[in-house]
Amino acid sequence: MENFLIVLAFVIGLAALALAIWRFFAGPTTPDRVVAADTLAIITTAALVWLAAFFGNSIYLDIALVYAALAFVAVVVIARMIEPDAKQADAVSSQKEAD
Amino acid sequence: MQIIGASLILLGTSFLFLGALGLFRMPDVYNRIQAGTKATTLGSLSVLLGIAVYYPLWWPKLLLIALFILLTSPIASSTLARAAYKTGLRPYRAALDKGEG
Amino acid sequence: MSFRDITALALLAGLAFLLALVLTEFPYTNGSLNGIGQSILALAPKEVGTANIVTSVVLAYRGLDTLGELIILFVAATAAGMVLSNSPEEEAQNLQPLVRFPAAGFVLQISSHLLFPFLLLLGAYIIVHGHLTPGGGFQGGAVLAAAFFIPVLTSPAGPFSHNVSSLVEGLAGGSFIVIGLLGLFGQGYFLAPLGSPGIVGDLVSAGSLPLLYTAIGIKVGSELAGLLARFTQT
Amino acid sequence: MGRMHQPGLGIFPVWLGKSRIMNTNTSSVNVPQAAYGWQRILLATAFIYPVWLLMVGTFDPAELSIGLIIAVLTAWLSKPHLHILDAIKWHPAIALYVLVYVGVFLWALLRSNLDVAARVLSPRLPINPAIVEVETHLRSDLGKLLLANCITLTPGTLTVDVFADRLQIHWIDSTPGRDMTHATASIAAQFEYYLSKFIK
Amino acid sequence: MMGPILLVILPFLGAFMLPMVYRHYAQVGSWVAPLILVVNLIICLGLWHGVEVVGAQSMAMGGFTAPLGIVFYIDGLSLLFVLLLLSGSLLLWLGAWHRRVKEEMLLLLIVGGGSGLVLSGDLFNVYVFFEIVAVASYGLSASRRGDACGYAASLRFLLIGSLGSSLILLGISIIYALTGTLNLSHLTLLAPELLQGAAGLSAFALMLIGFSVKAELFPVNTWVAEVYAHAPVRVSALLAGIVSKLAMVVVLRLLLLLYSHEYAYMLLLGIGVAGLVTGELAAFHAKDLRRTLAYSSIGQLSVIAIAFSIPGPLGILSGIALAFHHALVKTGLFMLAENWRGDFSSLRGVAQKAPLASFLLIVFSLSMIGIPPLPGFWAKFVLLQAGFAAGNWYQIAMIVFLLSIVVEAAYFFRFIRVLYQNSAEQPPSMPHKRELQPALVVAVLLLLVMLMIDPINHNLTTIATQASDVKAYIYNTLPAWKLDY
Amino acid sequence: MNLLDALLLLSLLTVVFMYFYGQRRDAGWFGVAAYSIQLLMLAGLYGDMQNDLVLEAGLRLMVMDFNLSWGMSGIGWFFALITAGAALFASWFAAGDWQDSQKDMRIQHLVLALNVFSMLVLLCSQDFLSLFIGWELVSWASFFMMTHAGGKAADAAYRYLVYAMSGAMALFAAIVLIIVKLGSSRFEDFWAAIPTLPDSFLWLLVLLFFTGFSIKMAVLPFHLWQADAYAETPGANASFLSAISARMGLFALALVLLQPVGIERLHHLMLPLFSFIDARILLAWIAALTAIIPTYIALQQSDARLLLAWHGIGQGGLMLLGITVGTPLGVAGGLLHAFNYATYQAALFLAVTAVLYRTGTTDLDKLGGLITRMPWSYIVLLLGIIGLAGLPPMNGFVSKWLIYKSLLDQGMPMLLVAASISTLGTILSVYKLIHNIFLGQLRKVHYEVKEVPLSMLLPMLTLAILGFITGLMPGLALSLVDKAQMALGYAPLPHHLGGLEWTTGSLNMLWVVGILIYGIAIGAIIFYFFGNRRHITHQWDNYAGGHFLSADVPYHYSHNFYPGVMRVIGGWFRNQILNIEMGIRHFIQWSGELSYRFHQINHPALYLLMVTVLAMALIV
């Protein structure tokens, strides 16, 4: 029973991964991809924790932690990078006002 | 006991899947952020909890991971949403008109 | 898809095919760990005293490689710093280069205050436990760098002292080498393990390796932070 | 707009380098007060050390002692960031309020997930997005941050940005005719209530 | 035996400490780099003496013996190139990089990495040091400020260099997968059994192409001209004169120790001949001084590759001789090219303004072409001897080589004759003193070499014989228990 | 330290001196002194030049386990004599007023000294390495001599450089092949090994050596560079260059190939597939064609210096022809011709330079009638062209006679005909030379032209007189040739002061000249005593095409000088070799551009992938 649950969870997790990856590649805008990356990161973190349990070795938890931290940083960095720089931001805001 | 753990893990992965599905189905980036981050946060927490049931000795670190995810996940989504907004992406148009009207 | 792309793809496919052919020649019967690997597995806990075999390879048997990798990073950071910094004069006066990004949103700005100590701690943890668990100086250094980088990211106008970062960097790298030289003058070999191996699995074990990892971690951290800051600020 | 908030983020420990820039460039909003520096560090150490304990998960004396050193070091290095700790209201029942807050928050998180699940699984995809602005009474940065995070994780809402005293919120389902500003304010107010118990 | 590791470590330490020293003691700072170079030079000469007395030796890092740990192998060949690196850097330093901290750091790192590169007896360690040198050279090649073309060229250099590095890594992993060891002498022991198959040889091909990027061999040398044309002359001189040779030495070691196989020799020969033809012809077509020099260095390195592809000590000898000669002369030529940018026609009448520089240019060019009794002639002479004595393919290569010398003379004198023509316009200024000084030193060295050609020949012969002694390499490196295996 | 060492040292010191003091006005006189002393030293060596003995120089080097040694044998001595003499006259000419017209006398002096030194080094080489060293020294020294004038000269010199390098590389290949084969670079070892060498290897060596040496000599397929290069060099040095420089090829060819390999062996080296042609016949015909074709190219020239330079090539062919005949008579003829040619060619170049000095041009279409203004130069030029045409009483006649005689003796009538055709062309073109410069009408712009100063006239006259004396008494020169001939292993010719006694015929120039003078005297007597009174008209009163032209109609028949001849032979000038050269040049340029483009690619990774795939595909 419990094995079945775990396997089911695994399959569902894989499906989730697949959907997120699809979004990552499909876009259509950069923020969309970043969202997908963020989701992927969280799923991966969970997967790493699960891996730690699978191997029964707690050192994978460290990896999960570091991964979570770095993935977060990466997402934030990309989010910052896709933000328009000062000049473009002004252009965008003025355009908004024109709307 | 282990059944509970496995169920929690299953629940967690289900939420993760829902999040991914939301990512897949939602029409614009804000809604995707909403669906994606919320569901995955709870999903991962649930998975962590399930693992904690299996390995009770690991709770400190699992707790740490959970706290970290709780802290960072909304920050990431908020930052993303702001970035999307700054790039000039408008929320899903048809509904917006109605909402403001 | 241009002709060039098609050519490149065809070539890549050819390369993959050839590599696959080469792969068939590999001696799989030997198992994945062969001569040297097995010797190290047998000798490492006794000679070096690390719970994590990778660390014993990284810091003891192939300590010079690790130093080399450290230096590769250092070179990259130096080179990028040279290319990206505006001019030697400005560099000398520690003037901040032009900022391309406006400050980040409120949420990120404030959360960076919260994240900074956390990431710092995480990095320190990874570095200090490098000889016990996977990861070590490089990974911990990356986390450290992330810690220092997030504030830069949130407000690029804020001061990031490249002087200090390069100072820390130099000191950390220097101390790695000095530890190695201590081995050279003490035991006659560069990077010879100092101190006793201790009990495998203890925090205080494996002789001077944790110190080496600390040096690596700090160095990598300051280097990556400096590098990332340069990229952001340019 | 967002650039209004530029608190002094001495990022890399510039004070080590005696940089000339430091005095001129740090903004005046939340300059760390030198007089209270050590208190803050102490306080931060008190926050950080348990995190270390959670990380190592043992009470090995070597780990404990090295952890203490690292915690103090970390706190010291984080000096320019510690001003956010000033936001905490110190009083005896603080732990209780925090616990209550966490409970409310987790409950909201659960509800929000179910909400998302319902929407995602519904074949019609019942969404109706809008962006609404709402005021907050919290004054401290930390408070506003926590509020924003809560709102992000509660049903149907997502904090897009925070300005001086207003939050910009994305609604996934703004029913036509409903007073969205009011609805948002009520959600905010709910969290604000618990938050204001321990944060300025 | 502390010397060898100090050769590597001291420059690294210096590079780490340089910013700090500059910050606090600027006056001292400018002397750190040359001091380290001089100290290393002394160490190197001491080691040289040791090698002459007791022969080649090895040195284990951290006390971990050969197949497990990393070993340095100290013989004439490695010391020779360390010597070249050190003295070349010292020469290029002469009053030039004063107070440009980052450049000095990169120079020191190249020195340390390059010394490790030739000394190391471990394949992966070689790769690591190669990466250090490579990354530092990417950096240095972009060190002229505000030169967009230069940046683009450096970027391309970086791109193809990293691709090459990944090929090297791929080759090393194939070797590791085949043999389970990375130690060169251990590999030498295993090579006849395990590395002469298709997989082992393709590993060689991958590594050769990877190293070729830095060694400016065909056809991965397309970065050369633009980088050398835009980088500061010192950097061009350093890269063309010295760094490229280090990669060649690694290839030589691989060839000698692991791959005494027909395919390996022929591959290197083919690449060499193709590079020689395209390089020299491109130099002939080039319209400005620095590109001409760049293409000429492609041709010269291809010649060195041809030399190394000839089995036997005579080939090695000629390769080493050519490498040294090219290092010396190309350095001098690049130094003179500092102020002489642009089209040839703009150089009209330079000789009147800068007679000494023009004279040096002629001398260097003549030596480059191989006019007796200048040293270049003897190097080419030995190569021809080795080549004509080897098989048919080598003889064809030698004919191509001879024809290439004609082309070489043609392009060198195409711009030299311009220098001596009269011009109505104001000719470009003469090289600055800080470039002329190293050029003069090079000229003096060239003269010394010319006068001492016989003892140098004897020393190099010893070194070449020593380097081609594979058995000695194994016995000096591996402990006794491994040899029984 | 023997006399030879002293000679080499002095020569080197001359170079050094010229480097430091070449700009002084009296540097030319120093040069005269130095070259005279060198000449005297060479004369002092006369006694040492016995049979096939070599006078070793003190300097010996051991380089890369090869012995490098220098020493002088008879043949080297013979050419060294010509070298020092030519340098002496060049320096003499340049020492006086002529240097005022030059801007860069220091470099001119320097390159002259450098050339002399490098030629001496070459002539003293005793093994292949020292030969190659000397060869390269000579090539580069003469390159610098040609190039320093700039302009067209530099272009010509550049062309020469490419040719010279090609030749040097052929030579280099041959030398290395010998060294690899024999393990030694000494001449003796090579000579000793020749009988054992297989024919194919020998063919290869003959081809490589011949290519290498003949480029310097400008033998037929490689002749294109020389005329331009020599013509554009400043006068004094041009006389030196054309007198001796190209003869270095002759020296080396004789030294390395003809004598040791031997005419007999060459005679038995059959061309594969065309077995009726052997190496000797091949060389002889190449030499004969070299004697013919450039001579007729010279006929086409409208510039005096170019004309002379083209003749130099033709005369070189004649010398080679004499050497390849391979009998004592032929070899002596070839060598003597080298000597004689040096005298009159130097005189001719100096005379033309004198004209250039006074009029500023050597364009034959722009000169004329200078005989009244520069009579002494006219006499020098006249004597020179008589020598060049090979007519008595000048020395050119003697050497040509020897060559023709040897051809006849050997039964080579076709070659004799070829040589005669060449001489015909020579006579035609030297008449064009003297007519267009000195005869006919004087141009208005040249009214004020005066005779060149004595400082320039003296060396010219001395050379011309030398040519006459050695023509009158060829025994003087033949006694020098003896030494060279003995060194090559031939018996010396039985000669006396006025000529020689040979089995198939003898020559006594004293008689010939005596009869000639007697005839002229009779003619003069008839003219002055029995003919009409002398009638002096103005130089402009002339006639052409049957019409009398008065002084007010300037008409000078110089443009398109030999229309009839040209109409006959014009069709033969198709410039085939020039076209081949152009083709090669364009091919190199085209492939250079291709290579350049190859390196300009923006996506270098493609090459990387390509070569990786290729390299791996070769093994896997």
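For this structure, a couple of remarks:
Order of writing sets the chain letters: A, B, C, D, E and F. Residues in each chain are counted from 1.
Quick note on the criterion: contacts are C-beta pairs under 8 Å (C-beta built on N, C-alpha and C of every residue); 3 or more make two chains touch, one makes a residue touch a chain.
These numbers were taken from a predicted model, which means no experiment stands behind them.
Among the other chains, the CA centroid farthest from that of chain C is the one of F.
Distances between chain centres, each the mean of the C-alpha atoms, put F farthest from chain A.
Note on interfaces C-D and C-E: more C-beta pairs are in contact across C-E.
With centres set at the average Cα position, the gap from chain A to chain C is 24 Å. Centre-to-centre, using mean CA coordinates, chain C is 74 Å away from chain F.
A separation of 21 Å divides the Cα centre of chain A from that of chain D. Computed from the mean C-alpha positions, the centre of chain B lies at a distance of 31 Å from the centre of chain C.
Shown for chain B are the residues in touch with two or more other chains, namely 19, 21, 33, 37, 41, 57-58, 61, 64, 68, 71-73, 75, 77-79, 82. Among the residues of chain C, those in touch with two or more other chains are 18-19, 21-22, 102, 104-105, 107-108, 111, 114, 118, 122, 125, 129, 154, 163, 167.
The set of chain E residues touching two or more other chains comprises 198, 202. Considering their complex, residues 18-19, 21-23, 25-27, 30, 34-37, 39-40, 43, 47, 60-65, 67-69, 71-72, 74-76, 78-83, 85, 87-88, 163, 166-167, 169-171, 173-174, 177-178, 180-181, 183-185, 187-193 of chain C touch chain E. Within the complex formed with chain A, the chain B residues making contact are 2-3, 5-7, 9-10, 12-14, 16-17, 19-21, 23-24, 29, 32-33, 36-37, 40-41, 43-44, 47-48, 51, 54-55, 57-58, 61-62, 64-65, 68-69, 72-73, 75-77, 79-80, 82-84, 86-89.
Interface residues of chain C facing chain F in the complex, by the touch rule stated above, are 4, 7-8, 11-12, 14-15, 18-19, 21-22. Of all residues in chain C, those touching chain D in their complex are 94-96, 102-107, 109-114, 116-118, 120-122, 124-125, 128-129, 148, 151-152, 154-155, 157-161, 163-165, 167, 202-204, 225, 229. Interface residues of chain A, counted against chain C in their complex, comprise 59, 62-63, 65-66, 69-70, 73, 76-77, 80, 83, 85-86, 89.
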